[in-house]
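Following this message is one structure expressed as structure tokens.
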Amino acid sequence: MNKKLVSSLACASMIASLVGASAPVAFAEESHDPVSLTFWGWTASDFESKSIQAGLDDFQAQYPWITVEYMTVPSADYHTKLKTALASGSGPDVFYLDATQCNDFVKANLLMDITDIAADFTVNMTEASLQKVSMTDENGDSHVYGLDICNVGPVIFYNKDLFDAAGVEPMPTKWEERWTWDEFVENMQKLTVVDDSGNTVQYGTCNWEEQYSLYVLQELLDLNGANWYNEDMTAAENVDSAESKEVIENIKALRAELGVAPDPNAAGSDTSNSPTAMFLTGQVATIAIGSYALQEIAQSDINYGVGLFPTFGKDDSDAFMVSADMKCINVGSEHPEEALLLAEYMSSPEFGIPIYQTGLWMPNQKALYEEENIPQWFNEEVYPEGWENLIPVFLNAKDKPTDKLSNVNSINDAVDEEMQAFYYADQDADTTLQNIESRINSILGN
Amino acid sequence: MKRKTKQKMIKTVSVVVLLFGAVIMLVPFLWMLSTSFKNIADVFKYPPSFFGSEFRWQNYVDVFQTINFLGMLKNTVLVTVAVCVGQLVTSAMAGFAFSYLQFPGRDLIFKIFLFAVMIPFHVMLIPTFVLMRNLKLLNSLWALILPCIVSPLGAFMMKQSYLGIPRSLGEAAAIDGCSPWKIMWVIYFPLSKPTLATLAIFSFMQTWNDFIRPLIFLNSNTKVTLTLGLYNMVGSYATNWGLLMAAVILSILPVLILYLCLQDFFVEGIAMTGLKG
Amino acid sequence: MKSKKRNRDAMWAVVFLAPAVIGLCVFTIYPLIESLIISFTSWDLFTDKVFVGFQNYIDFFRDATGLKVFRNTIFFTFVAVPIQVVISFFLAVALNQKIRGMRFFRGAYFLPSIASMVSISIVWQWLFNTDFGIINYVIKALGGTGLNWLTNAKYSIWTIIIVSCWKGTGYNMMIFLAGLQAIPSTNYEAAELDGCTGLSRLFRIVVPLIKPSTLYVCITCVINSMQVFDQVMIITGGGPARSSSVLVQYLYENAFDYYKMGYASAIGWIMAVFIFVLSAIQFKFMNSDDYSVE
């Protein structure tokens, strides 16, 4: 089986599906030995798992000689278990990989370099997606180790009914019209309701103190021009800056001083899978969270709207940072060509469009952001009013620099620990930021 | 006169204290039960109340749909039964050797077993993990079963139990031509039922409720046990308390039923360990 | 004749002991030795082991996080164990008073022990919820202010202590009860004749007589407390800011999150030595007292 043939046919089928045609089944002519592949994903929401399984069924129908076994592994230890399995030779052929783990997996020689064979595929990706999947080696050459299918960005979902009741105007969705932090705080105060006995019965906002590896902290730091790393992500520098301080102090103030955000309860609570139930039961007016939450919120009874993060007034960018996961191939896979077919299928619009329609993901292919293609995935019943203004933001989004870090597990834990000390143990801002810098540097071996 | 009223006072105080304590022991379970029937709006209602606006049985149904509860139950049962039976058999056999048979090195080997009882479990986690990886047994239930099949404490307990059985029984059978194998299984084993029951109960409880080993050795969602499954649920459904409580109740139910049926064995067993330990 | 029997017995011994001894060697002795060896290396599970001598051990005592975790675990042990021992002892004394409803009380107190620590932890995490948990509700009803149990670095370890005591008390109470019930009534009668009753009888007669039970409860509580894990993983995750993080959790993280097998093994051995020393001290302390009672 000629690699070039495989890749160009896969490309052709992809472009064909972009325009709505069904994928050509030219392969059926040749005869193949049966091949069995294993695919690993982390525990996903019910809907996501079903979509993945449906996609796999379609794939197996298109390529009848390939059978795919779909195995889910609990999210908490997904990457460590994946790494162990791959390194001991019993790993899956194709698997999900969080972009931040890419560096560590590449260093451990576990990922297949698909730069050449995925060339046509990657050229159609959005800028952020392309940045996510490519890595630069010492010679400055760019290599591709995975394919991705989506982008997820930081937004604020809000409860329209609570906004109306408090007389707050809808949150801006145009990048130029974003609220300033002060305007945001003012509106959150209007949305916070305290009863006669002093109990807060409704909070303005929540989830700003989420863990470092998610969205809020990194986005706010970026918006305020506080970059914690040097250019090639080998060292931390300038962490203890006025801009960093401004960000973390303002986040803490929402809960500790202004009382507009509730106690997050269970430090280390992980909203990477489910937006807090408090929002879903109408006790919090807004939630700062990744855009993936749209799927679950759309299925709830909340009359919801969306808005962009407020700005500190210092940024000159025109988009936020996005993240998502990649599909990678095991360098030791016994069936690399079939594995590539599967990885490409799982990253194709054919597979992605039904999921984009639920609001879980935003597309990663540039073509899908073009006017005539948007209706294919823009489900009016799910995407709230104003979301069309977010489309150019997603298109121009940049990749998170932390996607290029190594030793991410240790770094995330260290940053989370220091931030928790700041949020919940009265450690002052300067000490926190200095500790973060020295700990990251010692982890990175500086 | 004075002493009798003093006695009465002590008794009343005791009852009051015990009742107070019993309430503290039971309220969390009652609260768990009440939350499991609430819908999400009632869960986040303040002030909290025992009853929600409706009786939401759907939570229990949802448990079976969101997590692979029956699969987890099956895995847990398989591992627990295997470990239980394994420990009973190996301990009984070893205990017999230590108590009835005479052979060179008997005391030394027994001392090694005693020493093994004192080793804290966490020291052995990493090498066992590496061993299982090398044997390609990671993510299989065998990784949970094999390391636990032998219980040095069990061997000790069975030895003590057999020492309490008159040696003459065995010797009489030996004269009749019985091999030690037969002597053990036909005579001694049945006579040690109380100790066996205790051992079985401890083995069962420890394996059923084990968390750290499934966490380390199991990968995929089809292989998880109840404890690991609950832990993963908390990760994914962190704030859906109604659903979580329903899952917790379902996972406690099998053990609860067992306990209610065999309550006396439990009590006897604990009493025995405390006195002999 | 005797040596022939001993030889025959020896053959049978091999048959009877083989499963247990093989299992012990493969899954206890070998891991024990291997764990020691790994602790002297730097190893990330994928590349080759690198011998580093005692470096891991030295690093632990220079590791601010490791020491913090060690302190937390010791604090937890030295608070939770006395609380459990004392409360379960007095509960056992109360239950021993031949009152009605013995079966009910026994069942109620033992109930927390049969459920897995994982399930118990999930429930208690909800009970400790700042805004909606009933613990704070009761505190507020009694006139206090609710505490941020899980998001305040000062209180988080207390949630672990409370849950551990709640779960362990019933079990320990049963052990004490068995010990109490084993005291023959003749001791009580003799005490009465001597005019010794009530509290003084409790402390002068009963406590010394149940020394074996007390020793057992203390030693097992200490060992279990030093190795606490399940409840920390679920209720607080070790946070906030590692204020409730414990040794076994740190071992787990170093081995399975950061791939520092050597360092994690060293932590395991430091713990084992510490536990052994604590147990030995308790043993000596309680056994030497025996002679002073009469």
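As written, the chains take the letters A, B and C, and residue 1 is the first residue of each chain.
Operating definition for what follows: a contact is a pair of C-beta atoms (placed from the backbone, for glycine too) under 8 Å apart; a residue touches a chain by one contact, two chains touch by 3 or more.
Owing to the predicted nature of the structure, the values given are computational and were not obtained by experimental measurement.
Enquirer: Measuring between Cα centroids, which chain is at the maximum distance from chain C?
Expert: A
Enquirer: Could you see whether B-C or A-B has the larger number of C-beta contact pairs?
Expert: Looking at contacts between chains, B-C has the larger number.
Enquirer: Please tell me the distance, in whole Å, between the geometric centres of chain A and chain B computed from their C-alpha atoms.
Expert: The answer is 41 Å.
Enquirer: Chain B to chain C: how many Å between their CA centres?
Expert: Chain centroid spacing, chain B to chain C, equals 16 Å.
Enquirer: Among the residues of chain C, which are close enough to touch at least two other chains?
Expert: Where chain C meets two or more other chains at a single residue, that happens at 45, 125, 131, 256.
Enquirer: Which chain B residues reach two or more other chains?
Expert: 43-44, 46, 215, 231, 241
Enquirer: What positions in chain A touch 2 or more of the other chains?
Expert: Residues 77, 84, 266.
Enquirer: Per the contact definition, I'd like the list of chain B residues that touch chain C in the complex.
Expert: Checking each residue of chain B against chain C gives 3, 6, 10-11, 13-15, 17-18, 21-22, 24-29, 31-32, 35, 43-48, 89-91, 93-94, 96-97, 101-104, 106, 109, 112-113, 116, 118-131, 146-150, 152, 155, 179-181, 184, 205, 208-209, 211-212, 215-216, 226-227, 230-231, 234, 241, 244-245, 248, 251-252, 255-256, 259-260, 263, 266-267, 270-275, 277.
Enquirer: Going by the contact rule set out above, which residues of chain B touch chain A in the complex?
Expert: 40-41, 43-44, 46, 65-66, 133-134, 136, 138-139, 215, 219-222, 224, 228, 231-232, 235-241
Enquirer: What residues of chain A sit close enough to touch chain C in their complex?
Expert: Residues in contact with chain C: 77, 80, 83-84, 87, 108, 262-268, 407, 409-410, 413, 416-418, 420-421, 423-425, 427.
Enquirer: Per the contact definition, I'd like the list of chain C residues that touch chain B in the complex.
Expert: These residues of chain C touch chain B: 5-6, 9-10, 12-13, 15-17, 19-21, 23-24, 26-32, 34-35, 38, 45, 90-91, 93-95, 97, 99, 101, 103-112, 114-120, 122-127, 131-134, 137, 166, 169-171, 174-179, 181-182, 197-198, 212-213, 216-217, 220, 223, 226-227, 229-230, 233-234, 248, 251-252, 255-256, 261, 264-265, 268-269, 271-272, 275-276, 279.
Enquirer: Inside the complex, what are the residues of chain C that reach chain A?
Expert: 45-46, 65, 125, 129-131, 148, 150-154, 156, 235-243, 253, 256-259
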